[in-house]
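In the two complexes that follow, chain A is the common piece, with chain B as its partner first and chain C second.
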Partner chain A sequence: MMKKIKKEDFLDYLKNWGKIVEIEEGIDVKDLFLPKEEIYLVFHKKKDSVEQDEFRNIERKVVFNIPPCYAKSIELLDFNFLREPLDSFYKERRDSILVVVKACRNPHNFCFCTSLGNSPFDRKGDIFIFEKDGYYFAEPLTDRAKEVLAWDKYEDVSQDEFKEVELEKQKVEKEIEKFDIVNLDKKLYSVFNDKIWKELSFRCVNCGACTFHCPVCYCFDIQDVDRTNWGYRERVWDSCMFSIYSYETSGHNPRAERHARMRNRIMHKFAYYPVSYKEYQCVGCGKCVEVCPTGFDIREALLRLKEVVNE
Partner chain B sequence: MNNNPYMPFKARLVGTKFESEDRSLKTFEFEIIDDEIKYLPGQFCEVGIYGKGEAPFGIATSPTEGKRLKFTINKAGLVTSFLHESNKGAIFGIRGPLGNYYPVEQFKGHNVLIVGGGFAFTTLRSLLIYLLDHREEYKNIEVIYGAREPGLLMYRDELFEWEKREDLNIHLTVDKEFPGWSGNVGFVPQVLERVAPSSKDTYAVVCGPPVMIKFTLPVLKTLDFKSDRVYTSLEKRMKCGIGKCGRCNIGHVYICKDGPVFSLQELEHLPPDI
Partner chain C sequence: MDDIKGKLKSMLRNGEIDGVLGFVEQKYPLKNYPLFAQTEDDINKLSNSLFNILNIGTYIRRIKDFKKIAVLVRGCEERTINLLCAEHQIDRDKLFLIGLPCKGALDVYTVEKEYNGKIDEIEEKDMSIVIKGNKGEKEILLNKVISSVCTSCVRKETPTVDLQTQSLNENGEDLIFPSVKEIEEKNYKDRWKFFKNQFEKCTRCYACREVCPMCYCESCFVDSNDPVWVEPGYSIEDIISFHLIKIFHMAGRCVNCGACERACPEGIRLSYLTSKITKDLIADYDYISGKTVQEKPMFGEYKLNDKGDFIL
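On to the complex of A and B.
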């Protein structure tokens, strides 16, 4: 059911639901659901006691106009944060943010969503929209989306208009470079000890930009901030590309070497996540390729790995 | 019960005791304020100091000993150094119980062999006391425990009491001769080889420093212990303790959530990433 709604009308409905946040980058989408810094416990130290309070700072928002890949990344974050035991901070944010996805009509050079079985026109998020001449063709996808407005009041898009969306979809999909990594996940285990990881990590400088910009990388650290008589505990983004990430107090570090960290990042995305959730932990947005200061390209790495596992 | 896994229970430090002669190991006894943590041997908690942070420690007490929790902690980093300086009465934040536990139900009706080394004996103490408090449900219980020197053996008073018991075989050992030590001398794997417990109908639980594990496993194999009958407890750097923050993974499993207790059989299917 795709409805034709005037842009201003549609935006008014969204404003009624929550504050509209228009963002373009995956890093900002992730930041909405898993903030870079999230204070969750505030404590006050007394003479013989401590008072602790849960701290929440959550407001209703509409994340507007994001491409389907970033909506897909939220679904992939759900696997980690909504499984038992439930991460209540993430859950409350998830429930308070309506996701409005816009058909992606301008893919960039780094995109490879179609290689992972996704499409720039995937119906993701709560509402999917396609913009046309002052109108949105909008499709509610979840129960809460159905309550955003009285959808029945609006007419369906015509057959011709629907066809136009389909044609545009095919056109955009063709613009995206596609390669085949089917069944790579299971085979990666067989090259765990291969020298390929040293080859792939050779140029890496462990800056962590790929993981921070990745809309699906969720690793975090928990830190305390101590003032004289009070303080707080917060979680902050962390990166598996840092050697201190897994560095133990004893001095032992299971991933002290660069190649071990690169291997963990790639295998977490393309081998471990599929074992746990039957999905790659990657949406093919190509952001990690775009931001890497040394030009590491995950697409090349996957193709190289494909060669090695088939040797 | 707190249903947000990130929020700690407030706990009062009610007792401390040096556990090793070099004063690097100290046992801390906590009382959870107005609440209770229900657990089984092998589980752990995140012990937090408000303003300093949290760190994971195996629970050294057995649930059969009452509501108080004990942790034996080595003075090493920020949190543990502050813990060692803390006085009785101080308030801490404890999250738990976290992780899985030794399969004590599965052990029922079988012999249990406990092999420990150094200060990895904490959750083994929990397990041993749990087994002794349900003594009639288990067959032979054999313990091999070693440390570098006598002063580094943990829970010494209890160890010497256990040595006197008829319903338990305990073999204590130190790495090399030491003045005043009349017990076994030698590394844990060597003593295990000498004692040579039967693998028939027996579950083995092995905990210790990596080098001890490395040399103990081949001995168990010679004694014909099958990999689904050998359990160990692993550790890695942890933060959340509930399988969310990412760092303690081996392959797709998280030590904090899917472990810390694993059978060798389970570990054989995971990549060597510890």
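On to the complex of A and C.
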């Protein structure tokens, strides 16, 4: 059921639900769900006691105009953090966010969502919208979406209008380059010790920018920060591309070498994860390609791996 | 480039070199990547272009067990290698350097912002680039998209290489460092505001450190957790501590190649710091890093007439 709602009206309803955070094209959203810095507790040293501060103040937000690839990544984050053992900080934040997904009509050079079985018009999030001449064609997808407005009051989009959405979808899908990595996941295990990883990682500087910007990467580290007379415990992003990520207290580092870290990143996304959970740990947004200072292109890497696997 | 490639291939065939280190063109994402070419096919792929945004010096230490390798270098990279040799990180006798002419390196993020669409192709002209894509054709003048460090490059020539491909007296740079001047003219409040705005965006990914050829420490002060020199997390004082300590470690060693700035995924203008130390060292000590292999690093040498006005 897709409803036709005047733009201003729709935005008013959203405003009533929570503060609107509009996502500009090309801007990451992970920070809104899994912030790069999440404070767990704050304490002050008093004369002869330690006091804990109140500091969490989470307001309701409407994250507006998320592209479907990022909406998919939020589903994957949810899967990780809302399973048992549930992450209460994540849940509290997540429950306060309404996700409004906008059909992606302007794919860029890095996109490859279709190769992973996704579409720039995937119905995801709480509400899916398509913009047309001062109107939104909007589709509520969750119970939370039903709270936002009385959907029944609005007319369904006409058949012609619906067809238009479908046509636009086909047009945009065609603009995105597609390649095939079906069944690559299981085969990747067979090249674990291949020299290909050294070849692929020669250029990589292990900066981790690809994983920080990846909307699906969820690795974190918990740190205590000690200031004079006060301090806090916080969760910060971490990345398997860093050598200290796997550095053990014993002094041993199982992934001391560059290529082992590159291998872990690719294997986690395209082998370990899909083999365990039937989903890629990648949504094809291409952000990692865009931010990598050495122009490391995960699409090329996958195609190169496919060649090696089939040799 | 083609005649050099011929020469390099014959050197490879004769066993004079084990391979050639240089950059390979990559259509998208507009960033050329380093390759250690060990076959004639690979040598054919090497290119010298505006999209060589990194510093090749970063990659030399990655190549293990070689007798001699050839390296394609631009002005700042030649100086990088001189410095690395002076700091005993690499052995100059094992390198065969080929000097390339340089028009500067592009700031890829600015290019993308200027075009704001899906780019299919970029053509390089004398003074501009022509971008083709879904927003039509757009010509952008080079000085709009060239890295700010490149517009105040201290030496585009490569006088110390083994094979020259450019004439040596083509540039008489006037070193004005416009970006630094802009900051220096601000009062301290505005300056703080400026840097705070910049560094608030930092995710501490350390791409800037990792791409820097002179940041080669096996273990960096910022990664140490015993003792903790800089606290983790994103408080502005910690972020700025990292950048200030890094830049102090770079004084006299930074070649102002701008790789750090171009690598930063957040578009933080690190060149304000690198250009500032470059400018001050020229003004106060008449020192340009890496001019020759023989020259001692700035802090490896003491002269009686050194300016001492900062010593308390």
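By our rule, the second predicted complex is superposed on the first by the 291 of 311 C-alpha atoms of A that agree within 3 Å, B and C clash if a C-alpha of one lies under 4 Å from a C-alpha of the other, contacts with A are read in each partner's own complex, and residues count from 1 in each chain.
By our rule, contacts are C-beta pairs under 8 Å (C-beta built on N, C-alpha and C of every residue); 3 or more make two chains touch, one makes a residue touch a chain.
Since the structure is predicted, the reported quantities are computational estimates derived from the model, not experimental observations.
Peer 1: Give one of first, second, both or neither to describe whether A:290 is in contact with chain B, with chain C, with both, or with none.
Peer 2: Touch partner of A:290: chain C, not chain B.
Peer 1: In the superposed arrangement, does A:40 touch chain B (first), chain C (second), both or neither?
Peer 2: first
Peer 1: Please indicate which partner A:223 is in contact with in the superposed arrangement: first for chain B, second for chain C, both, or neither.
Peer 2: So A:223 meets both chain B and chain C here.
Peer 1: Based on the superposed arrangement, let me know which partner A:120 touches: chain B (first), chain C (second), both, or neither?
Peer 2: A:120 sits against neither chain B nor chain C.
Peer 1: Applying the touch criterion given at the start, work out whether A:215 contacts chain B, chain C, both or neither, answering first, second, both or neither.
Peer 2: Neither partner.
Peer 1: Touching A:202 in the superposition: chain B (first), chain C (second), both, neither?
Peer 2: Touch status of A:202: second partner only.
Peer 1: So, does A:67 touch the first partner chain B, the second partner chain C, both, or neither?
Peer 2: After superposition on chain A, A:67 lies in contact with neither partner.
Peer 1: Looking at chain A, which of its residues have contacts with both chain B and chain C?
Peer 2: Common to the two interfaces on chain A: residues 221, 223, 225-227.
Peer 1: Looking at the complex, which residues from chain C come into contact with chain A?
Peer 2: The contact residues of chain C facing chain A are 26, 28-36, 53-54, 58-59, 62, 118-119, 203, 205-207, 209-211, 223, 228, 231-235, 259, 262-265.
Peer 1: Contact residues on chain A for chain C in the complex?
Peer 2: 36-37, 106-110, 175, 202-203, 205-209, 212-213, 221, 223, 225-227, 234, 236-237, 239, 244, 289-297
Peer 1: So in the complex, which bits of chain B are touching chain A?
Peer 2: The contact residues of chain B facing chain A are 3-8, 10, 48-55, 76-77, 80, 89, 91, 93, 210, 235-237, 239-240, 242, 244-249, 251-252, 271-274.
Peer 1: In their shared complex, at which residues does chain A touch chain B?
Peer 2: Those in contact with chain B are residues 40-41, 43, 45, 48-50, 52, 54, 80-81, 85-89, 189, 192-193, 218-227, 231, 233, 235, 238, 240, 245-250, 252, 254-255, 260, 264, 267-268, 271-273, 275-276.
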